[in-house]
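Listed below are the structures to be examined.
Both of the next two complexes hold chain A, though its partner changes from chain B to chain C.
Here is the complex of A and B:
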């Protein structure tokens, strides 16, 4: 994860969070394929504007691939394996948009900007602190994950036996998660995060035109998508 | 400044073991205090009492006695109230930051206290001037090296402006060079009039700064020493107390030769690895090492020690030709023949009992009798039904070593096996490694620990020799 890029095109974390939640709510409605694609493209453009071109290209390619696969497989027969793959493809497609929104949120925000933007809308501390601790956990875990992966390779634990794999991978993952979260919470607490006084953050986060554009376009495309299905 | 009276503490209501027993302590303003003793002696717990993580964060414990910090009874204070007087620096540079931006992290405390921007700007400039860390501002914390992170943590403690700074083993992840630098920074803090309390195993970087030393054993303060008595302590007395060397030992075995008793030989040819983001390469043209050697891998942080090991083990796909007795081995084959005991063993324990853990991926040439033999040799046989995660750090390490031996590995690597260890445990692991070695096994040890290396290895490879600028 990078620093909160102070680019003109980076919406505030709260807008991104809102869009993610909005998109998750909307998966229960049918959206026309063209408009769904427009949404994926729209968010990808935002990724690109925030120098995440790799992510943008990946997200569009994967989405196209999922579409082609699901289209191709619908025509196919009663083959179990094909149906199984089709099932996975459709599930992936179903959750694609909120997932993409979430990834965009995580990839282009940093902890302090999240705290600032949530404090601005006067969310209570009991929500902000745990949320930011969780958010801070991911980049740290990214480093641990490499070591866990190496250790598993060394023991010959591979994904060939998925159930075993998941059983084994969960132990070090959970232990590392508890350790990391404990340490991060302690570091925040010893830096007076719970002090009830009024706070002024060094780097401010401002709501600008880009937030308005980002949110309103997503809402518009989504609503038209539902209407024109 | 700090006064502790008749303090008793245990981490859990149910347990019998006291973490701290009858602690009476008085620390005055501007003193530099060293807390030392064996692992688990209670020095870390004592730092947690002073910064009030006990009882505020560890809520299940039982705390008796009185603690006054700046004449305030800290037992009735919130954690944030105590943190207004006491700053803390922890052991693990990876997780002691809350923000991902360095500048944010430096100012995080001031923000939380409600200071205004003008004041923060002033403090930032002052901190930059004192610690010369302007080049670290506005960076991603994950791009910093371990040493830089620790420097930032201490600068943050200074920027917060508290009178008392507590450090819990701040050097345990640093190389010698960075540790000495850490000492220089602490000297600055001392000069600026801070009260400093440090719990440590390594002493060479602070020996000239200390005013008083407290030696703890089983949760009790056994005695108090002055600086003079501490640094002139007899070597045998020091070892009996389980303390590490007070002066930095000179590294031996740098120029010694490999043992050549075994006819089995590992050959490394044309190793070439380019470091991303840095203009450096790791390049080894031809290196022959006989099995039966214990080889220390030495060099500053970031020089490529782990990379070297990972390439040999086949965990890294850089260009290389590695052969044993002339038979060249693919990375897959090498991975089957090698094993690493990681610095954080928690990453490599997967199952729910020691028995199953050590048999996971066991080599077919060993039977269950061999398993028992190895477990007994490593003194973990009585723990065979326990969950590996419920064991102590040293025991976990031995479980990992047992797995290494039983997987039939010929190349066994250790990554910083002694970080944060007292003298007894260090010697124990040193003897263990020496008893594991035979003519069929080759052992690599990545370590910054001079005392440990001098006691353990046959030859040290200085990674500086293989590192070139592009």
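Here is the complex of A and C:
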């Protein structure tokens, strides 16, 4: 399934990556709460446009909850536990925007469009292939973890003996990973990935108006947020 | 044996990098207790040993370890850490790569020491606290955290502690490498994976 080619409102993977890095650079500045909320809402709207409404609603609700919690705790008197929860909430709020950008990037891009757009900036193959494998492997990894958990439940291995538990989790995970490595490299080989010739793609990754809107709005909101703090 | 990385090696790098990042991520969840922040690199070193030792025995080529090691710090950089993290990572993983090459990629002794240096990249997250101390305190105060709890942490961030952390992490790397060697013998050599 090709997420990128399907939707008109999907920015190119490169612009999504750029936005994530930009947001992570900006967390060292102080941004006013209203503008950060506008950023979260803006990225959520993009999630919705790409038919990820669940993610959009989730991200807005979590952000609102974090805000309400931190506001509540600042007003109340300090207490060790309260101070502690406040610390967690504030750290979560601190890293929320770049994290959201990263989730948006992973949820709405697929491997082929990532490869094409990274090739466009002439990155070497030694970086492109590991990066694209990372995105390809995430869903399989999740499935594997679930089946290993089920198998362990059946045999009655619990967390009571942590060292044995860790061994029983890690060994099958690594063995299944090595099997997957074989699968992926064979399928990549058949798709001629190591051939240095020029390749014809099913679709092209183009910079359109939507990229411009996406990047410029994020930058504008962020800059105004810093200025009007 | 050709010395340049082929597709299979690159795919191996990608998959192992995820597993390694996953281990580092799970250990980093301990960081919700501020005191544990200093133990995170040590624990990552111990638990990541098996994985990296297996990786070293699977891919015996130059640059493989370097590319593999640089992926987690770069993900961390993209997710909000400062540029200090990748810079420390380049330093320590560069040393690891040199030792890995010196042992001709197969010597167990050299690989063990190589891993102990490799695992020190995790200290970058703490080094950034010492270098950007002022900025760090300011950001925390602006965020509304009380000064007591910041001071608790900041008083600990000094040069001696920080050298101690690197040494501890290095020892953790040695422990991890020995555990990894044991695990390799016990499970993976039998299964024909190495």
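Everything that follows uses one rule, which is that the second predicted complex is superposed on the first by the 181 of 229 C-alpha atoms of A that agree within 3 Å, B and C clash if a C-alpha of one lies under 4 Å from a C-alpha of the other, contacts with A are read in each partner's own complex, and residues count from 1 in each chain.
Heads up, the rule we're going with is that a contact is a pair of C-beta atoms (placed from the backbone, for glycine too) under 8 Å apart; a residue touches a chain by one contact, two chains touch by 3 or more.
The structure presented is a predicted model; accordingly, all values stated were derived computationally and were not measured.
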Which of chain B and chain C A:220 touches, first, second, both or neither: neither
Which of chain B and chain C A:203 touches, first, second, both or neither: first
Chain B versus chain C as contact partner of A:57, first or second or both or neither: neither
First, second, both or neither for A:139, with chain B first and chain C second: first
Chain B versus chain C as contact partner of A:193, first or second or both or neither: both
Partner chain(s) touched by A:157 [first = chain B, second = chain C, both, neither]: first
Contacts of A:176 with chain B and chain C, given as first, second, both or neither: first
Which of chain B and chain C A:94 touches, first, second, both or neither: second
Which superposed partner A:30 touches (first chain B, second chain C, both, neither): second
Residues of chain A that lie at the interface with chain B and also at the interface with chain C: 132, 136, 171, 175, 180, 184-185, 188-189, 193-194
Interface residues, chain A side, partner chain C - complex: 17, 20-21, 24, 27-28, 30, 70, 74, 78, 83, 86-88, 90, 93-95, 98-99, 102, 125-127, 129-134, 136-138, 141, 166-167, 170-171, 173-175, 177-178, 180-182, 184-185, 188-189, 193-194
Complex contacts: residues of chain C adjacent to chain A: 5-8, 10-19, 22, 32, 34, 47, 50-51, 54, 58, 63, 67-68, 71, 77-80, 82, 135, 139, 142-146, 149, 183, 187-188, 191, 193
Residue ranges of chain B touching chain A (in the complex, touch as defined): 51, 53, 56-57, 78-80, 83-84, 86-88, 90, 92, 94-101, 103-104, 107-117, 120, 138-140, 142, 156, 160, 310, 313, 315, 335-336, 338-340, 342, 344, 346-352, 360-361, 389, 403, 407
In the complex, chain A residues that touch chain B: 1-4, 110-112, 132, 136, 139-140, 143-144, 147-148, 150-157, 168-169, 171-172, 175-176, 179-180, 183-195, 197-203
